[in-house]
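Before anything else, here is the set of structures, which you'll find just below.
Here chain A shows up in two complexes: once beside chain B, once beside chain C.
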Partner chain A sequence: MEAFYEWFRWLYEATGINLTIVYDEFDRKRMISGFWTTVWLCLVCIALSIVIGVVGAWLQGSRLKWTRRGVQGFIALFRDTPPLVQIYFFYFGLGALLPRIENAYGIPEPVLTSMQWAIISLSLFAGAFNVEIFRSGIEAVPKATVEAAEALGYSRLGAYVHVVLPLAVRICLPALNNNIVNLVKTTTLAYAIAVPEMLYVSKQIWSDATNVPEMMTFLLLAYFFLVGCVVWAMARVERALKVPGIGL
Partner chain B sequence: MRRSILAFSMLAAAAALPGAAAADVLDKIKERGTLVVGVKTDYRPFGFRDPSGAIIGIEPDMAAEVAKKLGVKLELVSVVSANRMEFLRQGKIDLMIATMSDKPERRKVVQVIEPLYYSDAVNVLLSDKVKVTKWEQLKGAKLCGTTGAFYNKDVATQYGPEIISFDGSEKPLIALKQGNCIGYLYDQTFIAGKMLEDDWKTAYHMPLPGIMETPWAMAVAPGEDRFAKLMSDMTKDWMKSGAIVAMEKKWGVKPTEYSERMFKEHKGS
Partner chain C sequence: MKVLPVILRPAGPGPWRAPAITPRHGVLLALALLLSVGAAQAATGDGVLSVLATLWRWTPLLLEGFVFNIAISLIAMAMGTAAGVMLGLGLIAPNRAVRGVAWFLTQFFRNAPWLVLLFFAMFLLPFEFRFWGIVVPFPGWIKATIGFALPVMANTAEIVRGAIQSIPFGQWEAAESLAFSRRRTLWTIILPQCVKRMLPPWMNLYSLVTMATVLASVVGVTEMLTLVSEVHAAEGGRPELLAPLYGYALLCFFLYCYPIGRLTLRLERRFQVRI
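Presenting the complex of A and B:
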């Protein structure tokens, strides 16, 4: 392993290509931890945003006018404002209003960490889009199918969970995939509130080692790899959920 | 297809040779009639904005003197630690006077002007509730910091605090006020400047000795030897005339040991 690191040190001396994330132990450790922070952030936000999408789309079809309006307001707020502004708003704006707990130094500390704020704000952002995506799927389910389900004795919730949602999910998968890919890329904005994900770590490293072109290239490839994994996984889901016979 | 391959390889070549300055920047400045200088705007009193939004401070004053000497107009560009060297290499600015500490790895990227015009140490602005006398006592503590500061890594590895860093110096200060960290790790002169403000002097203090004293460097793009020579002569003139000490006084900073020493050394020359 030492010879491997040595080679990258030699590469720096010989060509000026400085990959400290390979040969410098401190930088290597923080980049590995940055990678896993990004992965964790992506997984949690994807899961939460899908839950928000499903629940939101269900509430959107509610018979209660104010529930529908509430969902509409939520979508408008989170879809029509930039995600970076949302993150700053949550962390610096809302964060100041929350209750605090005293830390070991006797300083009142906000209850939510920057990581938790990033999860909340990114999930809500992607969730707002997911509500609309699921709605598009739900509206594409033939009315006759829903009526058939109701004729079989399903309640509104029962028909939604057992008939409408499974079909709707299949219909909206391509749009959902797009949004998930977008979400993975948007996690880079969490750097702005000091969540130590890959972009944050890269910025620290290129500030220390002034190897901006190298780190930019690395970042590009790392996200290409990460999003590639997501796309591959989603393609498998699409294949697994194929519904033969109705063109899906 | 062939054309796109050519275009791509030219792009790749351009990316591989950043900072290979071709034309002489002094000629370009004269031709343009404007000197473009990168300065900080979040670093009172070295570079900040007045209520009208204009950039003022010690470093803008220095930039103005350079423009006067060259007989051109001055344009100030706001830079932050994380982008200032890139701006210089890409020709977005001609000259950088942006509180940049002189470091060997930076000298590989930009051309540093000697003699170094200023010097500063690293310190931490702490909440009054934090009673410490040694840097070692900050092990494991959360400190806010600024992305791009060279000492973030050194302080983290030597003394072990967890550094949460943000762009610029306003956001880490807000984060400190909100209790996201117990202190702000930054340049000592900046912290001393902050502690003159009512907002900070009551509940915050600077109990630790300054560490890692490092000189600050102005810089030009690599290969701009004529401009570098001119700047070097100007710096010597400033030291000879005591201009830097005078600027410190004008902007309310207690003259640093370094600038007074430089004044003394060059006065007779």
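Presenting the complex of A and C:
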């Protein structure tokens, strides 16, 4: 391992390509923790946004007019405003209005950390898109299929759970796929409120070592890798769920 | 020109549709803003200039910033579209090498996060150019605009490719049998039909670009969001002012992007022919 690091040190001396994240232990640890922060942020936000999407799609099909309108307003609000402003609004705006609590040393600190605010605002942002995706999936299930299920003696709930939902999930997978990839890319915005994710850590490193081009290239490759993982995983899910005759 | 409706298929892959948004939601947003203003006022107590008056006082400056955002988005969209159409044509070029390069560029700029591309443009482009002794300055906002134009280019390329491929192949063959060259087929038969299909996704893209322009504040370009924090500092940095100020920015963007989304939806419905 030491020889490997040594090689990168030699690379720096020979070519000027300064990859401190490989040979410098402090930078390496920073970058690894930044990478896992990004992964963690992505996973939590994906899970929460799917939950928001499912619940929202269910509420949108409600018989109460004001519930539907509320969901519609939520979607409109989060779709037509910049995600960065949303994050600022949550973190600075709402964060300032919340009361502060005292920690063990008696120093007041905010109730929610920047990481938690990032998770909340990013999940809501992606969730608003997911609501629409799931709803359109449910609507795309042919009415005749539901009628056929009813003719076979399914109850309303039974038809929904056993017939409509499995078909809807398969129909909306491509759109969901898109949205999740988008979400992974949007997590970089957490940089703006000092969540120590990959972009933030990279910025710290290039401020110290002034190796902007190297870190930039690394960042792009790292995000390609992450997006590639998501696409690969979603393709596997799609293949596993494949039913002949359904989907594109 | 009357297009045969039978051969028109929806351009997109299917289920995604923009939600029906109505002016009510703007009203709701304004109400939310008023609520936060109320909360802020309650927190400030007496003797402080009311929050609404503060917002009103700074409106000219903030709107100036917003107009700058719009300008950035328009320029980025123009540059990105011009480059993207070329790239999109490259994606379907008969030459294998051209296709490969175009494919790589498209994937590269489509899959990188916007903020990272923005950093890329800000740090790696020079701050001035020298042409035979003449120094041409290259201010930050132009670099940021280029940073936004890159993902626009890649996305436009995909839109162009998708639209061209959605035209039935029989039209190419028919044109060939009428002795049209490839170039003429493309420019006089295929592309005019594509414009209609490309318009809705292209407008969606514009809306995305507009919302992305606030990212420029992160890399030090003075636009609306920068001005918001400056206004906040000028007002004494009271934390309870932040929610109304950012709410105001949200409202501005909503009022601008909502009609675009609405129009996109209408166009999508009009151009869509069920088969």
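Here, the second predicted complex is superposed on the first by the 227 of 248 C-alpha atoms of A that agree within 3 Å, B and C clash if a C-alpha of one lies under 4 Å from a C-alpha of the other, contacts with A are read in each partner's own complex, and residues count from 1 in each chain.
Rule of thumb we're sticking to: a contact is a pair of C-beta atoms (placed from the backbone, for glycine too) under 8 Å apart; a residue touches a chain by one contact, two chains touch by 3 or more.
As the structure is a computational prediction, the values presented were derived from the model and not from experiment.
Participant: In the overlaid three-chain picture, which partner chain does A:F26 touch, first (chain B) or second (chain C), both, or neither?
Facilitator: A:F26: touches chain B, not chain C.
Participant: Does chain B (first) or chain C (second) touch A:E132, or do both, or does neither?
Facilitator: After superposing on A, A:E132 lies in contact with chain C but is clear of chain B.
Participant: Looking at the overlay, what does A:Q204 touch: chain B (first), chain C (second), both, or neither?
Facilitator: First partner only, chain B.
Participant: What is the contact status of A:G34 with respect to chain B (first) and chain C (second): first, second, both, or neither?
Facilitator: A:G34 contacts neither chain B nor chain C.
Participant: I'd like to know which partner A:E109 touches here: chain B for first, chain C for second, both or neither.
Facilitator: Only chain B is touched by A:E109; chain C is not.
Participant: Contacts for A:T186 in the overlay, against chain B (first) and chain C (second): which applies, first, second, both or neither?
Facilitator: second
Participant: Under the stated touch criterion, which partner chain does A:L94 make contact with: chain B (first), chain C (second), both, or neither?
Facilitator: Only chain C is touched by A:L94; chain B is not.
Participant: Considering only the touch criterion stated at the top, classify A:T81 as touching first (chain B), second (chain C), both, or neither.
Facilitator: In the superposed model, A:T81 contacts chain C only, not chain B.
Participant: Which touches a greater number of chain A residues, chain B or chain C?
Facilitator: Touching more of chain A: C.
Participant: Now for A:G53: first (chain B), second (chain C), both, or neither, which partner does it touch?
Facilitator: Neither partner.
Participant: Does any part of chain A touch chain B in one structure and chain C in the other, and if so which residues?
Facilitator: 92, 96, 192, 203, 212-213
Participant: Quick check: in the complex, which residue numbers of chain A touch chain C?
Facilitator: Residues in contact with chain C: 69, 72-73, 75-77, 79-86, 88-89, 92-94, 96-97, 132-133, 136-137, 140, 171-172, 174-175, 181, 185-189, 191-192, 199, 203, 212-213, 216, 219-220, 223-224, 227, 248.
Participant: Inside the complex, what are the residues of chain C that reach chain A?
Facilitator: Checking each residue of chain C against chain A gives 13-22, 24-25, 28-29, 32, 36, 39-40, 43, 108, 111-116, 119-120, 123-124, 207, 210-215, 217-218, 225, 239-240, 242-247, 249-250, 253-254, 257-258, 261.
Participant: Within their complex, state which residues of chain B touch chain A.
Facilitator: Where chain B meets chain A, its residues are 15, 18, 81-82, 85-86, 105-106, 108-109, 127, 129-130, 141, 147-150, 152-153, 157, 164-167, 171, 174-175, 178-180, 182.
Participant: Could you pull out which chain A residues touch chain B in their complex?
Facilitator: Touch residues, chain A against chain B: 16, 26, 92, 95-96, 100, 103, 105-110, 114, 192-194, 200, 203-204, 206-210, 212-213.
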